[in-house]
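When the chains are written out, they are named A, B, C, D, E and F in that same order, and each has its own residue count from 1.
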Amino acid sequence: MTLTIRDLCVARGGLPVLQGLSFTLAPGQALILRGPNGSGKTTLLRTLAGLQPPLAGQIDGAEEQIAYAAHSDGLKAMLSVRENLTFWADVFGQTDIAPALDAFALTPLIDRLAGTLSAGQKRRLGLARLLVTGRSIWMLDEPTVSLDVDAVAQFAAAVRAHLRAGGAALIATHIDLGLESEVLDVTPFRATQDTRAGASDEAFL
Amino acid sequence: MTALLRRDLKLAVRAGGGFGLGLAFFLIVTVLVPFGVGPQSELLSRIAPGILWLGALLACLLSLDRLLALDWEDGTLDLLATSPLPLEAALSIKALAHWITTGLPLVLAAPVLGILLNLPTAGYGWLVLSLLLGTPALSVIGTFGAALTVGVKRGGLLMSLLVLPLYVPTLIFGAEAARRGATGMDPLTPLLMLAGITAGVVAIMPFASAAALRVNLR
Amino acid sequence: MSMTEDTATPKRPSGFWSYANPVKFLGLSERVLPALWGLAALSLIVGLIWGFFFTPDDFRQGSTVKIIYLHVPSAMMAINAWVMMLVASLIWLIRRHHVSALAAKAAAPVGVVMTLIALCTGAIWGQPMWGTWWAWDPRLTSFLILFLFYLGYIALWEAIEDPDTAADLTSVLCLVGSVFAVLSRYAVNFWNQGLHQGASLSLDKEENVADVFYIPLLVCIAGFVLLFLALVLYRTGTEIRLRRTRALQAREARL
Amino acid sequence: MPDLGKYADAVLSAYGVSILLLVLLVVLSLRQGRRARRALQDVEKRSKPNA
Amino acid sequence: MTALLRRDLKLAVRAGGGFGLGLAFFLIVTVLVPFGVGPQSELLSRIAPGILWLGALLACLLSLDRLLALDWEDGTLDLLATSPLPLEAALSIKALAHWITTGLPLVLAAPVLGILLNLPTAGYGWLVLSLLLGTPALSVIGTFGAALTVGVKRGGLLMSLLVLPLYVPTLIFGAEAARRGATGMDPLTPLLMLAGITAGVVAIMPFASAAALRVNLR
Amino acid sequence: MTLTIRDLCVARGGLPVLQGLSFTLAPGQALILRGPNGSGKTTLLRTLAGLQPPLAGQIDGAEEQIAYAAHSDGLKAMLSVRENLTFWADVFGQTDIAPALDAFALTPLIDRLAGTLSAGQKRRLGLARLLVTGRSIWMLDEPTVSLDVDAVAQFAAAVRAHLRAGGAALIATHIDLGLESEVLDVTPFRATQDTRAGASDEAFL
């Protein structure tokens, strides 16, 4: 169940952005990713989620374990809150959406179309999706964008409950979430000009 | 599995979902043909099977644009790719949903439009049968085109360019079957070929589509 | 993915595959190209002048038979170029050598021009022979479809920004397109019977092509092959340089 | 000049079109090639100005 | 004034600019027609003028999609609307650029495609003339459709539906002129009508387009 | 030359968002607009730029005077920096783009395609466009998004030079630009439920 990263190198747009990254993520543990804009946090999360291959290094324990929440929420404006959530629950083979609705105070909005929600409510719905995946490792890319203080607290509570139940979370964020967890700053791992890790353009450099 | 199908169908019929736009396009193209080639009914009835097949093909083609692009833009495809559903299955289902919302209405509307073009009476059954056998192939091949061009800005026209030559065998056999049916010849051979193409394409294309989509999601 | 393993000590492939390294490839093509250009020009000029000035007219086709020295070689190269792209695409998909992907990209415009020449000369030939510029003969039709495949392939390369993504997608398109090109060929055969004289002047010498036509034709075919090789090699070099420029610029911008 | 008889138009235009297309292809290729070479030289000079 | 024209032309020929895609689509539709209606050259030559007009119209239609949408997405339209250039002029110029990059190539390619469809020799001149007179109207009317649908998500198909009926008069007179020319009849009357439509549309439509666009920019 | 706003009411999505707004903007003056997200700053700027009509109130002195810079820059990815800038200069009847290039340190990038610029460089190009309009009133909507510290300073210098030359500027922003200028907080002017200013839905209320 432990996610183990060894000597990972990830690339974006044909050039390496992060290299030599190693860490483990055990059940019950949360890890906060930090780094300036453009340092490669999103790229790292996408690689771990299996959306793109790493340039080098190993990822163990990720298969079928990861629930990924990207910058965009994958919500359909013309489906209601209930329909959106039920869809993702079905795709991940779950049935009960009530706990997810409760955790993010979405029950009063259940029959509203997602397109008529405010930005913060949309984001809450996107986060509620994590609870209906049944996956144990959460990979979250700036999850608290456009959330107000109450919603951030709801989110922190949901993460804590997930950790207590043996889950793990890897969260890229610029703000303080109030979670007691380790922090991984990716800045030291930024690829330098002479990184030679086989990015697609490497053969031409 | 069925969740995705149900969602796609639901989305298609909701406001702005595009259900019926393909049909409307089919109608308009068929209506414009007499304006283009002139109103002589004998000429029209000769070209009717071919034009109806062409119209169906173009209508199908135009609605491919929204098959994947909307899900790509709002991030659904990323999330689907990390879900337990294999991408091949997801794309097959999306092709099925496209067929149900576009291909099937075209099949049902074709006889009505046949009247507009003076299709010979003998031709109706074979036209519908050939469309029924052929349109699934159009949807599946179209899904491949959509997967190839999903990341491209304004990929619609490019996709048409890529997909149209792939449609040639289907069109040839489909239109040939409909034409033979309309002129009283035996349409069995082209129908069998059409069925063969559809079967092969349905079985194999989703893998190519999924490969293309995976590349685009990187 | 073949590129993920042992980056610390990259394997240095030797022999044929070592030319998959862009720099080595550029060196090779730099050395080979002058000779290739020269040979191509030589055999084209010899073949075409021979064919145009020093062959007799055919007793049935009159002087139009001279068109064969352009029509047949270009038709052959149009098909061969696609086959080469198919092979290069497979190499890219399996072994991920950038040079082969770029070679496929470089070959496509050459292939289109060959297809166009075959189509144009065929049409011009058809007017006196069949009394029409164009007929929906299976062979002509499948050539037209090949032309469309070329157009789509090139348009896809142009449309995608990331070069590796473009290489992957065009390779997949090339594979699928090849299958459908063959399918179309059969479909078209079924759909219409042919007009195109294949056997009358068949390259299968038994039939009748006399040596007077045959030998200059062979020279022209050699010329087209050499010209194709030279163009593809040169254009691949261009693509490599463009890619290297892009890579250097991207690295600059990232600093 | 050989006597092309009544097919002179056809033969000449076939040769004309083909040779035009071939020359066009070669010229365009060479031009693109030279441009690419120059652009690369510029960038290489910039990336190591003291070399 | 010319700055906008030059920019649009430049953009069209740059990578991904879509120059030639309309042409390719025209080619493909024309090629597919024989597959649909069969290869008999006598039949093809009868429907050739109409089909070529229809093909040109559809190619024009499909390339309308990018006429305004790209400028809308990246905010250029907002900035243009606040510039000293009147929106009417800007839209006329954009229609002109669309015609140069799409309509004109179609006009030039039509004779070549006429060969494929066995167009009677007498028809080439009239076909080209009618297209030359008619395609500007297609671009201008299309600009209106694009302006109407510019803010709509996936407006492409919706725009087709709105624009196609507006294209009917142009199509009728254009195809009629080409057909009369091909069959040796006198094509003067429909040509005059066509010219009239084009002149009227070019003079008046930009105001409607600008009005629609202003509403969409709000 | 002075821009005078009297009792302005602006609407978005069929409902009024700001009402009763009055202010003047004299030559040489800069005014900073502030207010929480969704309070209507963008709507106000678009109205003043003439892109949408006001619901009520008067705007004097705006015609042909305003250079508007929106959230998006209107750059063409496939045109070079020079081509982009020259195009806008031509549209506004200007010819010289050199000062604009200098003000935002774009000269080294002059032949790069805009699509290959980084986000901050793109933004600089978007701001340089203001200098080639020759217009006297700048309306800027969050101009410093994705700019680094140096570029923000360049921007402030450009604004100061513009003011010194008799121009004016209205700037909606959340951060401090280091300009010594008045601040207008729009929060007190937010439309309340009983605003009856003739928004398109008014007839149904």
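Basically, a contact is a pair of C-beta atoms (placed from the backbone, for glycine too) under 8 Å apart; a residue touches a chain by one contact, two chains touch by 3 or more.
If you're wondering where the values come from, they're calculated on a predicted model, not measured in any experiment.
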| item | value |
| --- | --- |
| Given subunit B and subunit C, the chains that contact each of them | A, E |
| Most widely separated chain from subunit E, with each centre as the mean of CA atoms | A |
| C-D or C-E - the one linked by more C-beta pairs in contact | C-D |
| Most distant chain from subunit C by Cα centroid | F |
| Separation of mean Cα positions, subunit F and subunit E [Å, integer] | 37 |
| Between subunit E and subunit A, distance of the C-alpha-averaged centres to the nearest whole Å | 47 |
| Computed distance of Cα centres, subunit D from subunit B, in Å | 41 |
| Distance between chain centroids, defined by C-alpha means - subunit B, subunit E (Å) | 25 |
| Contacts with 2+ other chains: residues of subunit F | 118 |
| Shared-contact residues (touching 2 or more other chains) in subunit B | 16, 152, 158, 161, 164-165, 168, 172, 176, 218 |
| Subunit D: positions in contact with at least two other chains | none |
| Contacting residues of subunit C [partner subunit D, same complex] | 48, 52-53, 57, 62-64, 66-67, 70-71, 74, 109-110, 113, 116-117, 120-121, 124-125, 127-128, 227, 231, 234-235, 237-239, 241-242, 244-245, 248-249, 251-252 |
| Complex contacts: residues of subunit C adjacent to subunit E | 123, 132-136, 141, 144-145, 148, 151-152, 155, 158-159, 161, 191-192 |
| Interfacial residue positions of subunit A with respect to subunit C in the complex | 9, 13-15, 53-57, 193, 196-198, 200-205 |
| In the complex with subunit F, residue positions of subunit E that touch it | 2-4, 6-7, 10-11, 14-17, 71, 73-76, 78-85, 217-218 |
| Subunit E residues within the subunit B interface of the complex | 16, 18, 21-22, 24-25, 28-29, 32-33, 35-38, 43, 46-47, 49-51, 53-54, 57-58, 62-63, 65-66, 69-70, 153-154, 156-158, 160-161, 164-165, 167-168, 171-172, 175-176, 179 |
